[in-house]
Amino acid sequence: MFRNQYDSDVTVWSPQGRLHQVEYAVEAMKQGSATVGIKSDTHAVIVALKRAQNELSSHQKKIYEIDTHAGVSIAGLLSDGRILARFLQTECSSWRWDYKQPVPIKKLAEAMQLKLQANTQYYGRRPFGVGILVAGYDKDGAHIIQTDPSAEVVSMHGTSIGARSQSARTYLERNVEKFEKSSPEELIVHALLALRDTLPAEENLSAQNTSIGIVGKDAPFTLLEDGQVAVHLNQVSTHPRTTAQAQGGAEPMQM
Amino acid sequence: MFRNQYDSDVTVWSPQGRLHQVEYAVEAMKQGSATVGIKSDTHAVIVALKRAQNELSSHQKKIYEIDTHAGVSIAGLLSDGRILARFLQTECSSWRWDYKQPVPIKKLAEAMQLKLQANTQYYGRRPFGVGILVAGYDKDGAHIIQTDPSAEVVSMHGTSIGARSQSARTYLERNVEKFEKSSPEELIVHALLALRDTLPAEENLSAQNTSIGIVGKDAPFTLLEDGQVAVHLNQVSTHPRTTAQAQGGAEPMQM
Amino acid sequence: MFRNQYDSDVTVWSPQGRLHQVEYAVEAMKQGSATVGIKSDTHAVIVALKRAQNELSSHQKKIYEIDTHAGVSIAGLLSDGRILARFLQTECSSWRWDYKQPVPIKKLAEAMQLKLQANTQYYGRRPFGVGILVAGYDKDGAHIIQTDPSAEVVSMHGTSIGARSQSARTYLERNVEKFEKSSPEELIVHALLALRDTLPAEENLSAQNTSIGIVGKDAPFTLLEDGQVAVHLNQVSTHPRTTAQAQGGAEPMQM
Amino acid sequence: MFRNQYDSDVTVWSPQGRLHQVEYAVEAMKQGSATVGIKSDTHAVIVALKRAQNELSSHQKKIYEIDTHAGVSIAGLLSDGRILARFLQTECSSWRWDYKQPVPIKKLAEAMQLKLQANTQYYGRRPFGVGILVAGYDKDGAHIIQTDPSAEVVSMHGTSIGARSQSARTYLERNVEKFEKSSPEELIVHALLALRDTLPAEENLSAQNTSIGIVGKDAPFTLLEDGQVAVHLNQVSTHPRTTAQAQGGAEPMQM
Amino acid sequence: MFRNQYDSDVTVWSPQGRLHQVEYAVEAMKQGSATVGIKSDTHAVIVALKRAQNELSSHQKKIYEIDTHAGVSIAGLLSDGRILARFLQTECSSWRWDYKQPVPIKKLAEAMQLKLQANTQYYGRRPFGVGILVAGYDKDGAHIIQTDPSAEVVSMHGTSIGARSQSARTYLERNVEKFEKSSPEELIVHALLALRDTLPAEENLSAQNTSIGIVGKDAPFTLLEDGQVAVHLNQVSTHPRTTAQAQGGAEPMQM
Amino acid sequence: MFRNQYDSDVTVWSPQGRLHQVEYAVEAMKQGSATVGIKSDTHAVIVALKRAQNELSSHQKKIYEIDTHAGVSIAGLLSDGRILARFLQTECSSWRWDYKQPVPIKKLAEAMQLKLQANTQYYGRRPFGVGILVAGYDKDGAHIIQTDPSAEVVSMHGTSIGARSQSARTYLERNVEKFEKSSPEELIVHALLALRDTLPAEENLSAQNTSIGIVGKDAPFTLLEDGQVAVHLNQVSTHPRTTAQAQGGAEPMQM
Amino acid sequence: MFRNQYDSDVTVWSPQGRLHQVEYAVEAMKQGSATVGIKSDTHAVIVALKRAQNELSSHQKKIYEIDTHAGVSIAGLLSDGRILARFLQTECSSWRWDYKQPVPIKKLAEAMQLKLQANTQYYGRRPFGVGILVAGYDKDGAHIIQTDPSAEVVSMHGTSIGARSQSARTYLERNVEKFEKSSPEELIVHALLALRDTLPAEENLSAQNTSIGIVGKDAPFTLLEDGQVAVHLNQVSTHPRTTAQAQGGAEPMQM
C-alpha cells in the first residue's frame, strides 16, 4: 500500500502544500445526507434529509434553531454538528446579553471560522467532520452561510452540501436568478426540488425524511411541522423528476 | 497483516472520512449484554440482562437511578458506564441545586452529548466503550434517550442496544404502534418480550438475570425488586417464543 | 512474532472493542498470591497468603486496616496495592472529618471505581496491576467488595482473586449457602479452606504464610495475630484436602 | 519512495540547515490565486483575483480592510489568511485604544512577524499556509508589506504572490521606476496589468473576479465597488496583452 | 535481535502482566556495590562497600544520616540515591517541624513508597535506579527498611542488596536467629561478615572501602570513623573466609 | 540511505556526545549572507551584505539598532534573527527602565546566551538558525560579541559569520594587530575589505548590497546612509582584490 | 547497523540497567579540553586549557568566579557549562541574601546535584553535556568538587576531566601525598604539570592557552592575569616532560 507520511497529523504539511487530514474530514461531510440552503431578498430557507435510523426513533434532528433570527442544518458527523450548533447558540446568547440585540450573521460567521480553523492548526485535536449551513436574517437582509471542515466560511445565494449534493447545486445554478424575488413559498419549493435531486431514483421526499427551516423579515426562524412539510411536498410533486436527474450520479449515499 | 495507519488515534481521520477508534469503541458496546427501553405517553421502561459472573456475586447492577424522575441502563464496558451514570447523577443534582426542580431530560441529553463528543475529538483520551439508555419523565412527557460511543444521542419510542439487540429491535418495530397507549404493565411486558428475543434458545429470562426500571407520571423512577420482576416474567412466559426467534441470529454474546 | 498494534496504549481500542492494556494489567493481578473474602449477615472476613521473600523479612503485609469498620487484602503488584490502600484510608478519614461518622462501604466502592477507571481511559498513566478485596461493616450490614484493574467494582457474597483463585472460587460456590448464618469462627474456617485450595499439593497454610482480617457488628476490623491464626488453622487441618483439590490446576503460582 | 526523515516536524532541522515544513507551507501560498501590491509616494494599492467557486456564492473576499489606514490581500489557504487578517484588525484596534492614533505600519509588520515566526519554531502548531500583502499609509508615507509562511516580512515598492505571480513580478520590475510619482489611477492600472499577466491566455480580468483596494494621503482604505472596478478594467483593456505574456508560464493555477 | 515492544515505557504492561522498565531499573540496583543491614532488639546497623574511584577522591559516601534516629545506605545509581536520601531528610525535617518529634520509621517508609511508586506509573519519568536500606530506631524499636525501584518497601530483620548480595543474604539467613539479642558490636561484626561474602576471593574489607552506620536505643545514628571501622574489621578478620564463600558466585561486580 | 537515529531531536545525544540538531542549525547560519564585525579601542563596526531579493523590495535589513549604544547584524534565517534582535531590544529597554542607564554589553551577552541555550536543551523547540554579531560600546570600551545556534557567545576582536566567511576571517587574522588603534574610518575599511573577500570574483560591494553600522565613544550606534556607504566603498575600491581572494573558496553562497 | 532501542530517551532503562543517554552526554564532557583541580589544607586551585578558536577571539573563558570564595572550571559543551556556572552564581547570591554569609561549598554541591539529576530522569530535557570542577574555601577548609552529566558530585583531593585527562589523573595520583601541605605556588605548579600531561607532544602550555584560578584561606577566588600565568609557567618549564608522558595516549583531543 502506498504510504503517505504526511496524512495523519493535522499540523503537518505535505510537500505539495496540502493538509490531508483536513481533506479527509471533508470526506466525512460529503458522506452525510444532503442539505440545501437558498435565500431571497427577504427570506432564507434551509431544507435537509433526515436519516431514518428505524421506525423506533423520533425524527432525527438535522436542523436547529440557534436564535430567533437564525438556524442551522448539518451534513456529516452529527455529533460534531451538534457541538457546533450548540457553540453557535452560545454565541447568540452571549451577544444578546452583551448588546441587547441579535448577533449580526456576519459576526456569527466570523466566530465559526475562528473555531473551525483552530482545529486545523493545532496538535491534539481533529478537524470537525461536518459542514453547516446557517440561515439567518438581520439588518443586512437574508443570509445563507456555508462552512466546511477546512474552516472555509462563505456567504452564498444558494448551496448544498452532503451526499450527492452536486445534483442539487446543478439545480440551484440553473435557477439562481429566480431566487432573489421569490416568495417564501417559492423559495421552499426551489430548495426541495434541489434536495430531491440528491436522492436516487427509487427514493422520494416525504414528510418523514424532510426537514424545512425558514427565517425572514418579520418572521422568526421556524422549523416547519410535519403537516406544513407535507403541504410543500405536494407542491414539489407537481414538478416531475426528469429521467436524467432521477438517474443522478453514481455517488453512493452513506451515513 | 493489513496495516491500517489511521485506526489507532481518535484524532486521526481515515482517507474515507471515518474515525476508526470510535467504531472500535462501538464494538465494545455491541458486546455488552442487551438492554431495552420503550415508552408510552405516560411511562418509560428500561429492562436489562444482568451478567451472572457466578453465584457468589450480588446482582450486578445494569440499571441505575440517577434522579427521582430518571434512570439509566448500560450496555458495554461496565466501568465506563458507571462513570457516565455518576456523571448524569451529578448533572441532576447540580440542576436541582441551581433551579430547585428536576433537570429536563432534554438538557440531560445535551450534557451527555457534550461529554461523549469530547472523547472523540481530543488526544489523550479514548471514546467511552458503552451505550446508555435513559428513561425519564418530565413536563414534556416520557422519554427514552439512546447514546453510543460516537456521541450520537437520540430520542426513541423504543430501542435496544448490546449483544444480539437486533432481535429485540425487530420485536419493537413490529409492535411500536401499541406502545403509546400501553399501561405501565403492558410496557414492561413488551420490553421483556423484546429482551427475551436477544437470548439464545437455550436461555431464558429469570428474576436473577433480569432488571426492570420504570418511571412515569406521578411515579418516581423505581428499580423493581426480584418479587416484582418475577410477577412480570410470569406474564411474559404466557407468550411462547417462536422457533424463529428462539433460533435468533448467529451473533455471539460476549461480555 | 505477531505484532498487535493496539495493545500498548490504554487509550487505544482494538478493532474488536477490547482494551488490551487493561487485560494485561489483569494478568498482573492474576499472578499475585491469592486472597479470599466471604461474609455472613453480620461479619466479613478476608484471608490472604503472605509471600515469604525469605526468612529475613518481617511478615509482608497483604491485609491493611483502612478504618475501624473496614480492611482490604491485595493480589497483584504490591506497590500498586499499597497506593490504593492508602487512597482508601484517606477517603475514610475525609468522610469522618466531613460527616463525623464512618464512610458507607458503598461510597468507598464508588470512590475506588472512579480512581481505577481514570487509569483505563487517559494517556500517560497505566491501569493499576492489582485486585483488592474490601471487607467492611456498616449500617447496611457486612460487605465484601471486589475490584480489579478494569475498574470493575462488585459486591460479593464471597470471592477469591490471585493465583489459582479458581480453586478457591469453586470451594466458595459449593458452600455459599452456608455463609449467611455462619458464626465468625465458621466464616474464617470457610475462607481458609478456600484459600488452602489455591495451594499446590506440596504446600500448606501456616501461621507464617496466612493473614486473617475480620470485621462485623460491634467488632472493629482486626488483623489476627499469629497465635490466633494458628488456632484457626488447627480447625482447618481437621478438614482433609481431597486428592482432587490438592492436585489443583496446572496454573503456576508466581509473584 | 525516498523517505525524508526531517520534513514532517517544524521543529526539526535538516542536515542542510533547512526547515522543510516551512517550505511546504510556502507551497500552499504559491497555489493560491495571485495578488499584487504597489505603491507611489502617496498611495498604496492591492489587487487580487477572486476565486469563483460557482455562481451561487457571493464574491469571495480576498481583500480586507483592517483599519481606516490599512488593508490586506491574501494568497494561499484562505481560512489561515482570515485568521491573520483578524489578528491584524485586533492589533489595529488595540493600538488605537492605547495611543488614540492609527498603528504605524512598521509596528503592524513587527507584530505580524512575531506571530508568524512562532509557528515555525514550536512543536504542536503548523506554519500558516498563506502569504499576505498589507497596503497602508501612515506618517512615513505609503507602504506595501509582504509576508510569507517563513515569517519573512519585507517592505516592497511593488510585489506579487500566489499562482503564476512570477509573471506579475516581471511586469513590476520592468515598470518600477514609474510607480513613485504615479497618480492613484495609474497605480491601479499598473497593478491590474501585473495581475492580468498571472492569468492563462484564455482568461481575463472582470469585475467579477477582480478586487481592488487603495489607501493613501487623505484617502482612507477603500475596497472598490464593482462599478468602479469595471471603470479601471476598461483602462486596462486598452493595453493589449502581448503574446509572450498571454502564453505565460506552465505554472498551473490551483486553489 | 528480539524486539520487545513492551519494554521501553514504564506505563506499558506486557501481555504477561510485567513492567519491564521497572525490572530494568532493578538491574541498576543489582549492579551497585553491596550494602547490608541488620537489627537487634535495640539497634540497627547498615554497612556498605565504598567505591574507590581512585586515590584522589575523598571517600565516596554510601551511607547518609537523615535524622538523629535514622540513616540510609545505597546500592545502584548513586545520583538517584542521593536524591532519595535528600527526600528522606526533608521528610524528617518536616515531621519535626509539624509534630516536634522524630518521624516514626513506618511513616518514613510510607512516604518513600509513594515517591517510588509514582515513578513506576506515570509517563515522562523513569523508575529510580537504586535500592535503599533505612536503619532507624523509634518508639517501636529498631528497624531495617528495604526499598527497591519497583516501590517495594519491606521491613526486614536483616538484608543485603547490590552486587553479589545473594552471598550476604545466605550468611544472614544462616545466622538470623542470633541477631535479636546481639550487642551492637556483635551486630556490626555479623553485618561485616555478610558484606565480606559479597567480595571476590582476591578482595577484602578495609577501613577505606567499608562504611558502618549504627543507631539504637539512646544512641543517635552514627557513621563510624575510619579508626572505629578498623577496630571492627579486626574482629572480622578473626573469622576465616571459607573457601566456598570466597569462591562466591560468578555474579560480576560492576558499578 | 544511512539512517542516523540521533539527529532529529535536540534533546538526544549521539553516542559520540554530539547534538546533531544544533549542528544542522549551524548550517542555516553558514548559508546566510556574510557579516563582519571588528573593533578598536574606541569603536565597534559591523558590516553586512544585504540580500537583493529583487528590485522591487526596499533594502532588506541585516543590521538593527538595539539601543543607542549597540546594534546587531544577522547571518542565517532572517525571521529567527529578527526575533532575537527584538529580544535584545527588549532587554535593553528593561535595563534602562530598571537602572536608568544603558545595559552593559556583557549583561546583554549573558541574556542572549541563556535564551539561545534553552532552545538546545528542551523538547518542542528548535535551535535558532541564525548567528548574530553585537557591536556595542559601554564603560568597558568597545565590544564585538559573536553568537551562534549552539549558544556559544564569545567576545571577539574581529570576526565574520555566514557564507564564505572563512575568507573574511583570513583577512581579519592577517590584520588584527592594526585594529586596536584604528580610526573609525579605518575600521570601516578593514571590515569592508574582509566582507568583500566573501564575495565571488564576479560580484562586488555596492551601496545597494552593503550595510554599515558603527558605535563608539561619544558616538551612538548609527546605521550609515547610502551616501555615506558609498564614500567608504570608494576607499575600499582603492584596494585591489588579489586574484587568490577573488577566486575565493568553492563554498556556495545561499540564502 | 545495530539498532539500540533504549538509547535515545533519558527516561528509558536498558535491559542491563543502563541509561545510555547519560553515557552519551559523558562523551561530550570527555571531548572538552581538559581542566585540573587540586587542593591543599588551605587552598584550592583549578587550571584549564583555553580553546584557541582563532587569533581574533578574546580569551575564551573556561574558569568563572561564582562568589568571592569559589570558582568553577568547565570541560565539555561550553554553552551548557555557562548555564551551570550562572546557576551556581545565583545559588551563591541567594544564600548570601538569606543568611548574610557565603554558601558552604557542601550546600553548593548539593544544589548542583539536584539540578543535574533532574535532567537524567525527566522527559523533554537532555542531560547537561559538561563536567564542572568547583574550587572553594569555607569554614571546613579547601574543596575541589567534581560533577559530571550523570549527576555524580564528588569531593576530591585532586582530579582532572576532559580530553586526555587520564594522563593528568595519573600525574595527580603519583603526587597526591604532596598536595596537603603544599604552598599555593606549589599547588599551581602541580596542577599545571598535570594539565601539561594532557597535551600532545607537539603542544605546550602558554599564557594564552592556560587559565589559573585559586582560592584559599584569607584569599578570595582569583583568576590569574596573563603575567601571573607566565610566571607559573616558567616554573613548570623547569620540569622536563618525560618521553612517555609527551607521547601520551592515543585519545584524540576534540572540541
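A, B, C, D, E, F and G are the chain letters, set down in written order, and residue numbers restart from 1 in every chain.
Here is the rule we use: contacts are C-beta pairs under 8 Å (C-beta built on N, C-alpha and C of every residue); 3 or more make two chains touch, one makes a residue touch a chain.
Chain labels with UniProt names: A, B, C, D, E, F, G = Proteasome subunit alpha type.
Since the structure is predicted, the reported quantities are computational estimates derived from the model, not experimental observations.
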item	value
Other chains in touch with both chain E (Proteasome subunit alpha type) and chain G (Proteasome subunit alpha type)	none
Required minimum of steps from chain A (Proteasome subunit alpha type) to chain F (Proteasome subunit alpha type), each step between chains that touch	2
Inter-chain centre distance, chain B (Proteasome subunit alpha type) versus chain G (Proteasome subunit alpha type) - centres from mean C-alpha coordinates, in Å	70
Distance between chain centroids, defined by C-alpha means - chain A (Proteasome subunit alpha type), chain C (Proteasome subunit alpha type) (Å)	56
Where chain B (Proteasome subunit alpha type) and chain C (Proteasome subunit alpha type) are represented by their mean Cα positions, the distance between them in whole Å	31
Shared-contact residues (touching 2 or more other chains) in chain C (Proteasome subunit alpha type)	3, 9-10, 123-124
Overall pattern in which the protein chains touch one another (line/ring/star/complete/other)	ring
Successive chains along the ring, chain D (Proteasome subunit alpha type) then chain F (Proteasome subunit alpha type) then the rest	D, F, G, E, C, B, A
Chain E (Proteasome subunit alpha type) residues touching chain C (Proteasome subunit alpha type) - in the complex, by the definition given at the top	3, 5-6, 9-19, 110, 113-114, 116-117, 120-124, 146, 150-159, 169, 172-173, 176
Contact footprint of chain D (Proteasome subunit alpha type) on chain F (Proteasome subunit alpha type) as seen in their complex	1, 3, 7-10, 20-21, 24-31, 53-58, 60, 77-80, 82-83, 86, 119, 123-129
